[in-house]
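Order as written gives the chain letters A, B, C and D; numbering starts at 1 within each chain.
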Amino acid sequence: MALDKTVRDVQAACRGIEDGMTVMLGGFGLCGIPECSIGELARTGVKDLTCISNNAGVDDFGLGLLLKTRQIKKMIASYVGENDEFERQMLSGELDVDLIPQGSLAERCRAGGAGIPAFFTPAGYGTEIAEGKEVREFDGKPHILESALTADFAIVKAWKGDTAGNLIYKATARNFNPAMATAGRITIAEVEELVPVGELDPGQIHTPGIFVQRIFQGAQYERRIEQRTVAPASNESKG
Amino acid sequence: MALDKTVRDVQAACRGIEDGMTVMLGGFGLCGIPECSIGELARTGVKDLTCISNNAGVDDFGLGLLLKTRQIKKMIASYVGENDEFERQMLSGELDVDLIPQGSLAERCRAGGAGIPAFFTPAGYGTEIAEGKEVREFDGKPHILESALTADFAIVKAWKGDTAGNLIYKATARNFNPAMATAGRITIAEVEELVPVGELDPGQIHTPGIFVQRIFQGAQYERRIEQRTVAPASNESKG
Amino acid sequence: MLDKIGIAKRIAQELENGTYVNLGIGIPTLVANLVPEGMNVEFQSENGILGMGPFPTDADVDADLINAGKQTITALPGAVYFDSAASFAMIRGRHVQLTVLGAMEVSQQGDIANWKIPGRLVKGMGGAMDLVASAENIVVAMMHTNKHGESKLLSSCSLPLTGVACVKRIVTNLAVLDVKDGVFHLVERAPGVSVQDIQAATAGDLVVPAEVPEMQI
Amino acid sequence: MLDKIGIAKRIAQELENGTYVNLGIGIPTLVANLVPEGMNVEFQSENGILGMGPFPTDADVDADLINAGKQTITALPGAVYFDSAASFAMIRGRHVQLTVLGAMEVSQQGDIANWKIPGRLVKGMGGAMDLVASAENIVVAMMHTNKHGESKLLSSCSLPLTGVACVKRIVTNLAVLDVKDGVFHLVERAPGVSVQDIQAATAGDLVVPAEVPEMQI
């Protein structure tokens, strides 16, 4: 029988996230971020967090909420250009920041979940990212050694999930969620729709439940759009 | 517009596979193997092949067909216990064999497709697999450095595919196919059903078409079962 | 003395509720049908399924749905299929808590040999090297002696190794033994088997406590 | 002299039929709408889509469907969604044939700097470091000079690097230039721009052939 990973609500899901812990959060920009859990972290006031997330949200949404309240001690990300408060805290030295190439960030999370402690990648060779890292040539091309990333908690957001923790993401809201789901000591999944086991096609699961320790159905998703770009009306007739 | 990867038939698909080349073939046991393409290789008589495949088929099916005709010079696999001819050729020294832990084989293929030239894994440490390989400790546990695998051609079998080369596999016939699909200089996909673009759900593709250079609809799949195990009739009433 | 079913029944007592388990070919496979009442575990097969169910009825046999032993199987509600790289990511990443597998030899250091007899048997290691290098808990299910009557529990393995210092517990037709501090520790006797029988059949160093309970199966 | 649309139009001529292309933020994004008639390319966006289409109509806007610039987009028939690790596997594995991106500086060795101004601008490299370290073909789209009128084509970059020896071609508002053998090579002039204008705006070493054709846009 499939194991049951359901917890009652976001409070139960986030239990055990303590000051000083490392937390991975899925999402790209504001797309596919675990909105409910971020809200809960803001509510509990847990602090000195190291957050691993591709972006840092915007000033009043996503991880920006936890930056505003100074709950984040260190941020590990690839791009943080949308957040003025982030830039201020970083330049003033209040916030410790580790910027990582996006592909290396994704692969390091996957490696963390897959028991691969380190791997070679060409990304970042010859840049300040490579400082202090081992360099080795393969096929005449220099590569740097990158290490796996794991976290005390990984928090992901999916579209649908079942009680066994199997997850399906929607469109590009998938992004970092699957890799991070594998790399948490405890992985929390918030889903828009929680269904009984047997309802999801076993061939179409993006994150197998084995990676998920807690799952709950979130409420009131804002799903904010960062750059609303639309085709001009004249284009619509082109189909 | 999606790119068109279709070729007319198995002959067109296998064009360019020449003596001495390295060919990866998906499948686990006889499940999910590219039956049509293997038949075509037997027909063309191309020889001195290095085949990378988890298994070597059975005496009269799968890669066993190419072993019988001595078309394979070297076999890279993880388990070959089902094939007497294989064992005979290996023990007599006619066939060069490289046995690799199954997980390392899968990860090495994925790495080959993903531009990761090498990675550390704990599998095989302290065994003859580790001979000549770099050993390094991470978190107090010894790991060995394994390198990426690529091939001149990768041949995979999928359930459904579209003309852009997007693939969906059925049940456990997925196995090595997705990783190998990424690692061929040219990747050939044979599918049971070829559909126009737009028919497959973009969120439910297992192998994105970017990895596939040639696709065709195969014919007359035998889908042979290696170990037909069934529940006794008395069990059926249990549901 | 236990038969293979008996060994599998004793192994089944090692299962922990709410865990993911990988069962090797042979005796371990039998464990799937012997899960204790009220115990909930999910079986992973490394060829690409979580939530493996029993053998299918004749009408339900599907060539595309097999386990790592190439046997036709079924999928339980909540099952998932995935590719081989993802499957071993689960295994290597220690998401599968328990691996049960067979062995030709086990040493008192916890080394295991189960894939090759030089010059004779060449089958390959399959997923065994990844499994024994990765799982938190490795339990071996095997006969205590080989067909020549020689002990399979040795001070050090004579055959090419599958993994080093990885086996935690061994369940044989004669006994349950733990591997700790470089020696075998006798934990339980099979019904009707004496400590002397076990000592005689164990070539490696064996620590025997004052009291050795009989297995409860 | 070209405007940004002009640069994008010239870049569009670099597209090859039947290839996969990644377009960076800014000028490169404009290229998607300027694909020449009869040319078939597929756009990859590194946040997880192949087969990216134009912006949606107001009614079709979906917060869950964006590109790497966080803009709402559509998916064309045959599109695929995938996760970030898979996306960069495509990029790092050289399955994306062409990357077009902007730059703050390019050196005559083909080094590129586009992610950081020490002590001032801190945005992060996003996927740029992976892209420039990986793609077979890297084309930079940028203005020839910065807002202070200083050349962005230098003998060596002054800003922190994004990648080394990776840029193959540069398209600016003034010219098309190739990077080869450690120097810039002038390939084409923008309409109405003289070789002298280009030389004056290029700080790095520039090889000028006898004949420098004007771009055909």
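Please note the rule applied: a residue touches a chain if its C-beta (ideal position, glycine included) is under 8 Å from a C-beta of that chain, and two chains touch if they have at least 3 such contacts.
Because the structure is a prediction, the values reported are computed rather than measured.
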**Fill in**
Expressed in whole Å, how far the mean CA point of chain C lies from that of chain D is 55
**Item:** Computed distance of Cα centres, chain C from chain B, in Å
**Value:** 28
**Item:** Centre-of-Cα separation between chain B and chain A, whole angstrom
**Value:** 32
**Message:** Can you pull out the residues of chain C that are in contact with at least two other chains?
**Reply:** 49, 75, 81-82, 88-89, 91-92, 134
**Asked** What parts of chain A, by residue number, touch at least two of the other chains?
**Response** 107, 110, 114-116, 121-122, 169-171, 174, 202-203
**Asked** Graph of touching chains, which shape: line, ring, star, complete, other?
**Response** other
**Request:** Give every touching pair of chains, nothing left out.
**Result:** A-B, A-C, A-D, B-C, B-D
**Item:** Touch list for chain B against partner chain A, complex
**Value:** 107, 111, 114-122, 136, 138-139, 143, 147, 168-171, 174, 202-204
**Item:** Complex interface listing, chain B residues touching chain D
**Value:** 1-3, 110, 112-116, 162-164, 166, 182, 197-198, 202-203, 205, 208-211
**Prompt:** What does chain D use to touch chain B in their complex?
**Reply:** 18, 20, 40-42, 44, 49-51, 75-82, 86, 88-96, 134
**Item:** Complex contact set, residues of chain C against chain B
**Value:** 45-49, 54-58, 61-73, 75, 81-85, 87-89, 91-92, 111, 119-120, 122-130, 133-134, 160-165
**Request:** Under the touch definition given earlier, write down the residues of chain A that touch chain D in their complex.
**Result:** 28-32, 54, 77-82, 87, 90-91, 97, 99, 101-107, 109-110, 121-129, 159, 169-179, 206, 223-231, 235-236
